[in-house]
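Only one structure is covered here, and it is reproduced in the block below.
First chain written, first letter: the chains are A, B, C and D, and each begins at residue 1.
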């Protein structure tokens, strides 16, 4: 028999290491032709930290993303990036890039203020132009600015780093400030369960994530979709089997450790939620791990909801489902 | 991979001679979806590897005088795409359509699937359900037999009776008359693609003009060393009007049989004895639908 | 062990490769021909990262011995782009945000290319079916399927 | 005008083009002149002393450039991101199946495989510790040092013991999660060589190049600036490429052979050796008022962390802080103990204990909703973090708390795309 069920799962996630310093740094140079070198330590493992660094630099400097070239994760070139973990790179390396850009802009501001004859604090850098927020007719292009920089023998270089504002936690009770900022999420997921075979079909999944400020909407969606794939797999198909004698992993291959294929995916509706804050670069927060988490409890709850049973253990494999359903039938027949 | 010599004969005769010549330590390769992995992991260490992929004479699907003949080198993809197989032999169509992945179906051959005789081979389960014949050739000549006989191997060490220098060249079976006969297959697996069968259940059922079952054959792969037959279930159906209710009556028999065969593995048998019933419920529903006898709502 | 010479067409050009028989097509492409877009992810025909177009069909090159490729027509990702510029499928993958770590992407794109060569206007169901032999651990597949649909819409 | 000129607009990833073209170089795609291939000889028992390790036959095989055990390590032989407890090559005892005993470099991969088969080892086997319970039992064999307790945490907020009287409903459940694998699609790989200035260069698939640099320098006993680690294009990680992978082994072999050395782990070896997700058991008691406000949460958390520390300390630090979830609760206690065993090493895996914590706090929220006959989303809304919330570490949240919005927006979308499913949520 096929039965459907719905589950809700929520989470919050502290960005960066827990109650520990975990700084990251960046170097920036705006070149005479308005192209920019951004150098970060952060390892990009496909999640997009380099793209994030480019976007934060472009936004801060008032240039286009095409102007930015990012070099990353080469220890002889790039400063400390810390680990790509704890969903920290957008928040921490992003802030480091912003700080490095702000430093580089010191000379840019001074030069533009001289040329436009306006106070530095009135200057707006946006879309490859510099203008006064008080009088937008006072404006110059970026190439003009870089020309003025060259004429004066000034360089637009910056080094910046960021260390989240946390405290060490008190060993007695863990009190303190473990993280500077938190990401939040809610996932609602629908499944269909075959009570005869225990097969689970993931139907639909809505997953809303407070990312502060989305840097790149498609990358946000991609993280949520990929996280949902991994989170649902956590519950219904993935498990490491350990040989009880040798304690070796029995299924170290992709044919025996079952991750979902495209045919196993639900229809996913990712939602990026914005929230107001100053801590992250333009308010941005991490998403890598939050993307995964809420679909795990949501899947557990949805399968439970379909059967009218509560599951407290993972994984929930077909055999567990058949067993739970039979036990429930037996209990109902007795009662 | 350890070293070996490689031959790619152009004809079956040439291949058989090579196999005979090197039979002490030879491996033949067609799709390669099993052998290359074994070679790569140093689990298979032949001195000679003979490639069969150039034997175009063994790549065919023919229907002759009511018999379907499929050459051993026909890929799963080719069988799944064949319109006649899709229309007349659902059990084989469904089995081949769901083997591995598109890439694997483009490589893997029906002959390889049968000769490997893997526990979870879907093509094998389907062909056994069809009570197919296989043709084996060697330098000594040709022999033909039922798949059931072919699989009378010695289990782990030798999976079937194929001699070291013998080639499985063809599988054949009677073309079902779809006015009276339906065939069906359901693959229970851990994911919806790239999956190995947990159970691959197949059925052939024939009814007369009054809907009375005159023939039934049920087999399920991955429940034992070879596809498991359910003779008591079949006997229960023959002579009765084929209805979902009647077919469901076979499920307790099936349950007990699977339990008995797998009782040494307590946890896996629980799931197998229960889910095999779910698998065949779907198979039954499909058969009844194809025969136009009953539409079963899940 | 005697070396063999494999004659085949790779990325529209005839090649002959002298190679030990105990090498896979995957090894021949990566090591002998330097076509490192072909990725080894699982070595068991499971992940699809080593997919190449082989006589018009997508296959996993880890399951083929080099010697078996005699006479074959093989296309890798290097044979898809023109003068280092992305073709319509590659461009669609970039625009759709389909690429995260990218290790599965050569296999994904080639599988999509093989589909679109045969069926330039596939339905979403046909796209899903065609792409069902390539594992991805990053994306959840949605953007990849959207990319194939976008490419098809531009065919 | 939008607030931002660049952010939240459509633009392609900066590294998408080379990945679409197939020109991006992953670690296994690097080939260098005069390059050696390499592999690792690993234990096939979980807990043992090495009585004898015979490398002579492997060394004698023509085409083999180096076969090294721990005696070849010029600097330190203890590694780990937080606790330095894992050897580059085993020197005292084997603590898990797959511990590295020796490394081989040779002219071809086939020769590496042959040489590995020629290495002979004799073990003096020790009783393996197979579970948290076995690790904590009196008289248990000790995996590291003096105790099998790998880490302990105690979180205390408000007064849990006095809070139960204020609860109208209390739910109690035990949750457990299992071991999982990252299954990043690219197996670990790397390459090392000494450049013309004598700097040890390591190109690797990694999430952590600066950490790798520090560990390679420590292993070789050279300054950090004499090591250059460059991340190759990396095929996913999810936490599984945070621990040091092939980097130490290729660097050691390159150091001794003075030739470039490449190592590509097979899928099997990659999965066997990289860290796994911590399986955590959480016994949880949650109390609330009849209108659904959380009053108290008390959790006991235990975990079999496997053979080495890896990121265990980060997981045990993070899970208690997140154990209540994104909900206000004035009284919280969490006691956590992680144990060393001889099981596969657990470490960082996307979420660091928060997925496990979420299984617990969401299970409890659903149980409360059922006990109170309340809509599960409504229950969550009533307790949701907001600006001004004090979390169980005493921190006051001051900004960027968008939880309620995620609940409302998810509900709104779900009502639109799956109304029947939403009806089922209420009528369980």
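We take it that a residue touches a chain if its C-beta (ideal position, glycine included) is under 8 Å from a C-beta of that chain, and two chains touch if they have at least 3 such contacts.
Computed from a predicted structure; not experimentally measured.
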Middle chain, criterion being Cα centroid separation | D
What chain is the most remote from chain B, judged by the mean position of CA atoms in each chain?
-> A
Find the geometric centre of each of chain A and chain B from their Cα atoms only, then give the gap between the two centres in Å, rounded to an integer.
-> 47
Separation of mean Cα positions, chain D and chain B [Å, integer] = 42
Per the C-alpha centroid definition, the whole-Å distance linking chain B and chain C comes out as 29
How big is the gap, in whole Å, between where the Cα atoms of chain A centre and where those of chain D centre?
-> 18
Which residues of chain A are in contact with two or more other chains?
-> 45-46, 48, 216, 218-219, 227, 230, 253-255, 259, 261-263
Residues of chain C that touch at least two other chains are 22, 41-44, 46-47, 97, 99-102, 129, 132-138
Where chain B touches two or more other chains, by residue | 1-2, 192-194
Within the complex, which stretch of chain B touches chain A?
-> 188, 190-194, 196, 198, 267-268, 270-271, 274-275, 277-279, 281, 298
Contact residues on chain D for chain C in the complex?
-> 12-13, 15-17, 19-26, 28-29, 31, 110, 182-187, 233-236, 238, 264, 266-267
Chain C-touching residues of chain B, taken from the complex the two chains share = 1-6, 8, 29, 31-33, 36-37, 39-40, 49, 51, 53-54, 77, 100-104, 106-107, 192-194
Over in the complex, which chain A residues touch chain D? Could you list them?
-> 4-14, 17-19, 41, 43-46, 48, 50-51, 54-56, 58-59, 62, 64-65, 68-70, 72-76, 80-86, 126-127, 169, 172-178, 181-182, 184-188, 190, 203-204, 206-210, 212-219, 227, 230-231, 234, 238-240, 242-244, 246-249, 252-254, 257, 259, 267, 269, 271, 273-280, 282-285, 288-289, 292-294, 296-298, 300-301, 304-305, 308, 310, 312-315
Touch list for chain A against partner chain B, complex = 1-2, 194, 196-199, 237, 255, 258, 260-264, 318-319, 322-323, 326
